[in-house]
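Two complexes are shown next, each including chain A; its partner changes from chain B in the first to chain C in the second.
This part shows the complex of A and B:
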């Protein structure tokens, strides 16, 4: 008589780290802000966070000594562009709210925002006929 | 032909222009905000093109080279003919423009200067210390640029 033992089977995906959770929600909150057209990892891929094999481009979360995380977002602005310092504050507001809702408000550090480029609809601003 | 009003004495004095590639930094309690030179360049280029009488930006070589790089997908016509120097709080802009024949060059140059200052200051919060406008060529209606002729084949 042999006892059948269950095989190893597929390994369940590990839960995301708090760092990855924070990076993902910050990126999503930034992209949902009116005036933000996209997020970019930058020329050297500096602004990117890994999450279980996926790369979250445009956001870098860095652990601090106090167990919180610094966030850096590298954003592309849509045209017509709003005043960028107000836009940055609007993005921060959304990130803070989203982090609070997700129970990550206590690990949210300063949010650095850089605007890397302007994206405009094709045809706008071209030479006249 | 050039209409260059402001001097570059401020740049020489170091008030404007850090070669860092990132200007317009602003610190707040919740984090810092930085605006790249590419953003300032693009805003200035779009603002210049919004002015009636401006046909194109860039010198002859820049336009020819720009047309080539755009066809292979690595160029952006909105940044050709625009050069910026961005400091922490200030920016200086140099533009090379092609104006439509019959327009008043001083008036168009002044309108370009005014719109560039308004847009750059409004969007980035930087103080624009100078906008130098160099009129490089005139456009006559019906003139076809070589790049256009090639792309229609």
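This part shows the complex of A and C:
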């Protein structure tokens, strides 16, 4: 009697790490905020998190000693730019809510937000590098 | 600092190329058993014995007091300075300074110069009579910094009013980021019209 063995086909992807889950969730929550036009990895590509071969640009999740993760978001603001402080607060609130819903609230550490650029309408010049 | 960084990269590249060429030459000449195609042959080829004699003479002249000793001292000093500048270009942080809005346990809120400058410019352009703006943001080391706005206005507009109104409009962002403001009203050219 033969036992079923996995064939030579493509291996299924492993489940994402909590770090990657949190980074993806934070990025999506930030991009869904009105006033945020995009996320940038930055000129040196510092703001990026790897997730099973994919690079999540614009978010850096760093593990802390207490098993939580620091999040750093590098965002591009849409034009006309809304007040930056309230925009940052809105992004932070969305991330916290999304993490709570996904059951990742306990591993969510401080959320740093930096505005990297503004996405200007065509004719006024695009975002810088 | 940009020039130093570029210089450090160029020097690094040139040194690596020189190192690669020397390494390749040594490797190739190491293969030869004897004669001209060997390491002693390579030394003859690049005139190493003559160079040794020249360096010996130079060191002898440097040891004695005289104009050559002073010149060599100066050259040594210049080399040290160049080395330090190259080190600064290679080691000084490349991270752009951010204007920090808030730093709490919840995290840091910050902005780069460009979005901040664009927002400041857009706010000042709302002042009646202002036709164009030019902004420059210089974040401080830890917090705060300076924002300088050049506001181009029409001849009929009072520069004092421009300054006061611009300062008022910039209030929310300068307070949030702890920025000092400098408004410089300037009468525009005849070609620039108020929209």
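Operating definition for what follows: the second predicted complex is superposed on the first by the 114 of 129 C-alpha atoms of A that agree within 3 Å, B and C clash if a C-alpha of one lies under 4 Å from a C-alpha of the other, contacts with A are read in each partner's own complex, and residues count from 1 in each chain.
By definition in this document, a contact is a pair of C-beta atoms (placed from the backbone, for glycine too) under 8 Å apart; a residue touches a chain by one contact, two chains touch by 3 or more.
Model, not experiment: these values are computed from the prediction.
Novice: Do chain B and chain C fit side by side on chain A in the superposed arrangement, or is it a clash?
Specialist: Chain B/chain C on chain A - steric clash.
Novice: Is A:85 touching the first partner chain B, the second partner chain C, both, or neither of them?
Specialist: both
Novice: A:53 contacts which: chain B (first), chain C (second), both, neither?
Specialist: A:53 sits against neither chain B nor chain C.
Novice: Check whether A:44 is in contact with chain B, with chain C, with both or with neither, and answer first, second, both or neither.
Specialist: In the superposition, A:44 touches chain C alone.
Novice: Could you list which residues of chain A make contact with chain B in one structure and with chain C in the other?
Specialist: 71, 77, 79, 81, 83-85, 88, 92, 110-118, 120, 128
Novice: Okay, in this complex, where on chain C does chain A touch?
Specialist: 94-96, 98, 101-102, 105-112, 114-116, 118-119, 122, 172-173, 176
Novice: Under the definition above, what is the set of chain B residues touching chain A in their complex?
Specialist: Residues 22, 24, 26, 28, 30-36, 38-39, 42-43, 45-46, 49-50, 54-56, 77-78, 100, 122-125 of chain B touch chain A in their complex.
Novice: Can you check the complex and tell me which residues of chain A touch chain B?
Specialist: Residues of chain A touching chain B: 71, 77, 79, 81-85, 88-89, 92, 96, 110-118, 120, 124-128.
Novice: Using the touch definition from the top, list the residues of chain A that touch chain C in their complex.
Specialist: For chain A paired with chain C, touching residues are 43-44, 46, 70-71, 77, 79-81, 83-85, 88, 92, 110-118, 120, 128.
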